[in-house]
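Letters are used for the chains, namely A, B, C and D, taken in the order the chains are written, and counting of residues starts over at 1 for each.
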Amino acid sequence: MTTITVYDAMAQALAEEMRRDARVLMFGEGVATKRAELLAEFGSTRVRNTPLAEGIIAGTAVGAAATGLRPVIDLLFAPFLCYAMDELVNSAGKLRYLSGGQFEFPLVAIAMTGAGWAVGSQHNHNVEAWFAHAPGLKVVMPSNAADFKGLLKSAVRDDNPVLFFVDIGLLYQPGEVPDGETLVPLGQAAIARPGQDVTLVSYAKTVPVCLQAADALAAEGIAAEVIDLRTIKPLDEAMVLASARRTGRVVVVHEASRTCGVGAEVAALVAEHAFDSLKAPVRRVTGPDAPPPASYPLEQAFVPGVDAIAEAVRALVRKLH
Amino acid sequence: MTTITVYDAMAQALAEEMRRDARVLMFGEGVATKRAELLAEFGSTRVRNTPLAEGIIAGTAVGAAATGLRPVIDLLFAPFLCYAMDELVNSAGKLRYLSGGQFEFPLVAIAMTGAGWAVGSQHNHNVEAWFAHAPGLKVVMPSNAADFKGLLKSAVRDDNPVLFFVDIGLLYQPGEVPDGETLVPLGQAAIARPGQDVTLVSYAKTVPVCLQAADALAAEGIAAEVIDLRTIKPLDEAMVLASARRTGRVVVVHEASRTCGVGAEVAALVAEHAFDSLKAPVRRVTGPDAPPPASYPLEQAFVPGVDAIAEAVRALVRKLH
Amino acid sequence: MNPVSPAAAARAAASATTPSAVIPRLDQPEALLEAMLLIRAYELRLSARSAQGGTPSTCTAVGQEAAAVGVVSVLTADDLILTNHRSAGHLLARGADPGRMMAEVLGRRDGYCKGKSGSLHISVRELGVVLTSTIVGGELSLATGVALSQTMLGRPGIVACFFGDGAAGEGIFHESLNLAAVWKLPILYVCENNEWQAFVHRRETMVGERIAARAAPYGIASATVDGNDVDAVRTAARAAIDSIRDSGEPFLLELLTYRLRGHFEPDDQAYVNAAELAAWQARDPIERLKARLLAGGGFTTGDLNGIDARVNARIDAAMAFAEASPWPDTSDLLTDIYA
Amino acid sequence: MNPVSPAAAARAAASATTPSAVIPRLDQPEALLEAMLLIRAYELRLSARSAQGGTPSTCTAVGQEAAAVGVVSVLTADDLILTNHRSAGHLLARGADPGRMMAEVLGRRDGYCKGKSGSLHISVRELGVVLTSTIVGGELSLATGVALSQTMLGRPGIVACFFGDGAAGEGIFHESLNLAAVWKLPILYVCENNEWQAFVHRRETMVGERIAARAAPYGIASATVDGNDVDAVRTAARAAIDSIRDSGEPFLLELLTYRLRGHFEPDDQAYVNAAELAAWQARDPIERLKARLLAGGGFTTGDLNGIDARVNARIDAAMAFAEASPWPDTSDLLTDIYA
């Protein structure tokens, strides 16, 4: 185990995968400037700056992926994905299907999002649910350094287009990363903390918040299980449902806006497939249906906090204890 | 009452609103060609063809809306919205908020979607949930001619950006439209058929399918209530929850893919706020997480059918009768 | 670590992308005419069928056959093609089987895309026709990546990307050209300027007359040529490809042509200026080639009728094949989503 | 029916869009210098503060003051401005209160956008600075609509849209120019070509040197001018606006300048070529104007020091105002979403 930041964990993942497979290349606005160590090791053919044009960055990745390369692109902030939706959704997500399976799209598109830098909603907008709703894509959003490394490596090796979301608030968080090859499979959630009274389902920056809430609840005698989804699509339904059936109480927590978010999906799954085990309503603690504001205290208020989560749990437990 | 098609109902709505308010104008690819009657009545300043460029069509509408006009734009097919996401989501949806309320965006963006024309998933992709998930937007998706007229008129009068989705399969469906001024308020669902055993929540083309399923179920003694959401955002939570509390059984039906769709939101709302009344799991009958295919029988198979809906209801009723 | 050299990777990936089906040689006048007639007959047959109802509609390129055949005929088997919604010409000129294409249009299992595409996004990877997109501009966004693979994996072929005058209004056209210029990608941008963008005349959408003028700011060489003269198209396309190979840089070739039928069948073309349409009908590329062959090419009317008959027989057989092809199974709804 | 004539609608809407705050007259050398110094001092003060931590960072336009002041100084009160992430110069030249701007940057309630924007999307409607977007290209997509309102509602002002060389790489730039040309919209496109696109040098992103070259294919007139010479900028901007008023068509003005500081504070500029930076530092627009005023403008060092002192006092007061401004209330999280 070594303790490194999420940023460094991603850098390691990229370097290792580029070393392993000459077809992996990386490009984006400032990639070659900011990832000077990759440029130095792999050269300017495989590590490239681009013009400022997200559409063609993504489209180029999609075209290259279909014809033998394995591109990783950095699209900077999630709202900029709005300029790359056709390429990601209509091309990467659909052209395998529409062609009757003639093409594969092994590519990774990285984007940052989430509160922490007080930059406002044109830089901070959690849109992972859009890509979960679109067919043919995979969506990853890790919560800690080890998973960032292991999931990014798996994403690069996956033969499908993967949206890889980096919660800004985690970027410089240190965490323990295993030495040697670290692969975390896509589509597998993790039990970040076991418990039997209630299940907190979350991902990304709100996982540590849930863990804090679980600590607080433990002091009150409530044992909360915390599930870190890690991959949004494919969603590890089995793990979520097994936990829901065990605890009978579920609170879904994320920073993205509530309506049609990942929390809606998790709640719907639970309400459909774990209904008989439920002892209380399924609750969501999420960001509001508002654009994230820049002002620091407002930005903080946007994100589900320990108190809100703990209070949601208490309400459920009170309800039927 | 007059019986007209959805297409004509929309044409009436547009003409009436343009007559009423000189600030209303309409543009898009082929708008002036295809809506020759509007061009003839309102002239080429207010009814315009555009270059083939969805981004600037939408951006122009957003800029014009903020500064005194009330544009209606036709973006043709929903997947083409992928080229207009920045303008719709980052500008129309966020610049009111980010500016501290300095601007309003009274605009309507029309797009077609849904099975019926066997055109494949680059023309047919139900993405209404994306816009429900994004802040600052409204989303409308009617099921019948009268609502198309009344909701489109309300959308034009609304001071917010409205995404107006036209289910292709309904476009030439005739329906009764009230004579005289017809306004249907945004945000108000309708009970398309009352019933007390189970609630079917749906919108757009699957509303008539739900009504057929309700007919079939009635023959078996099951009284299904059918709720037509009409507006996806703001969602008429009160009506949905009231019905869910009354019937205790909910099936959500839509054509869009399941994951993080509108059905997830409705199911989550019910599981959270009508939990105590629920007698059975909340079920979703939706399109699969696949790109809609072109081949006619496959395209039909994509859409929730009468049998699947009726069977979902039977399973719930059987479960706890 | 298991290092893979780019060359080894190229070998590994090559089988998957080098065209493997038989690509016809189109270098004799007769073959060129036959290809153009095949396209025309294919499109008219489908249009007639869809006019009767029950058959999905198509976007025909009637009147544009010289553009498709002219460019495709000078490509090598190593070259790759990207096309769009109006693709029948490009596909048939490249050697696609009209039966499998018709099966695809009808949504049948033997279609090139198992019926999932329908007419609008037919790709045929074994012929090097890749990533067809019906999103206007879609192919322009993908061509750069395909060309990047060609250069990085050391493959010899260039990438021919067909698009319309309308597509040149999408921002992605500009992004594609710029990146291709900066990264020196071997792309032949082929703009079939057919004066129409669905129901809008090109003149309503731009100031000036030439799409090719948009290449210069990116340092991209361009040419504009009569797109209804198959020989002129071939000559210009050959020169363009030579330029790409010599300079290692992209080229934009604009072909001036006309969409003689509507945007999407059926289309009464009520919005079309009759005089303009008539003028272009008089420049029909097939009639022009026929006239040339009769005048000085050593062909008789009988020869040409013979070609017509061959083509019609092929189209009859193709339609029969397509109609006999089964529908996909409902289970196919959920295949081919993920690799 | 309640028909509203466009003119009546214009009257109704006018109050909401005609600039209503006091817009300073910048036509004397002293005022121009003072505006440039104010911008510089404003940006350096915020940069210094953010270097200490705890204050949000900004994108400064240090070195580009002549571009902002030059163009804004020749606009009339009727004209509207769209800007982007690097907006302080445009806003301050237009007369925005540095105190309210700083309050906005700090996320305070008295900011022009109630703290919701922060530095990146400051709009000041009462000054005609509308729809600021930090999406690169955002303002280009909106300017056409703003200009359409101007023409359809019979308002006299033109629309000045400021953007960078990087933004000209986004497809929406091309879509915006084309529509403005086709619809004859009164837009002054102002490209501040500062050689940088965040961490990428402009030369890595295009072939050729001039963004202005991209206007020609759309039939749009353009000019390129030394953006570090405020007089040259004013002359060129005046000519451009005259062209817009005479022709009713858009104009693209490219200002050659340089981003002397990093992309976003703090930024060590390790990636910047030191010689290039030094060469541009020697062309600092403020030093150039000062030298000119001292050489032949009838100004003494004392005069200039006096202006400096005034500006610093204003910035001190502005910062004090901003720091004294309260934070927004948590309830503000849910206001201003819908009209």
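Just so we're on the same page, a contact is a pair of C-beta atoms (placed from the backbone, for glycine too) under 8 Å apart; a residue touches a chain by one contact, two chains touch by 3 or more.
This is a predicted model, so every value here is computed, not measured.
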{"item": "Between the pairs A-D and B-D, the one where more C-beta pairs touch", "value": "B-D"}
{"item": "Greatest separation from chain B - chain, by CA centre", "value": "D"}
{"item": "Centre-to-centre distance between chain D and chain C (centres being mean Cα positions), rounded to whole Å", "value": "45"}
{"item": "Length of the line joining the C-alpha centres of chain A and chain D, rounded to whole Å", "value": "36"}
{"item": "Inter-centroid spacing, chain B versus chain A (mean Cα positions, whole Å)", "value": "29"}
{"item": "Rounded Å distance, chain B centre to chain D centre (Cα mean)", "value": "40"}
{"item": "Residues of chain D engaged with two or more neighbouring chains", "value": "111, 114-117, 121, 133, 135, 137-138, 169-172, 175, 178, 182, 204-206, 337"}
{"item": "Sites on chain A at which at least two other chains make contact", "value": "50-51, 53, 55-56, 79, 82-83, 86, 90, 97-98, 120, 122, 135-136, 289-291, 293-294"}
{"item": "Contact set on chain D toward chain B in their complex", "value": "1-6, 8-10, 13-14, 16-17, 80, 111-117, 121, 123, 125, 130-133, 135, 137-138, 140-150, 152-153, 171-172, 175-176, 178-179, 182-183, 335-339"}
{"item": "Chain D - residues contacting chain A, complex", "value": "56, 107-108, 111, 114-121, 133-138, 166-167, 169-172, 197-200, 204-206, 271, 327-328, 330, 332-334, 337"}
{"item": "Chain A - residues contacting chain D, complex", "value": "29-30, 33-34, 49-56, 79-80, 82-83, 118-120, 122-123, 288-291, 293-298, 301-302"}
{"item": "Touch list for chain D against partner chain C, complex", "value": "169-175, 178, 181-182, 204-208, 213-214, 216-220"}
{"item": "Touching residues (chain side chain A, partner chain C) in the complex", "value": "19-23, 25, 45, 48, 50-51, 53, 55-56, 58-69, 71, 86-87, 90-91, 95-106, 135-136, 138, 159-160"}
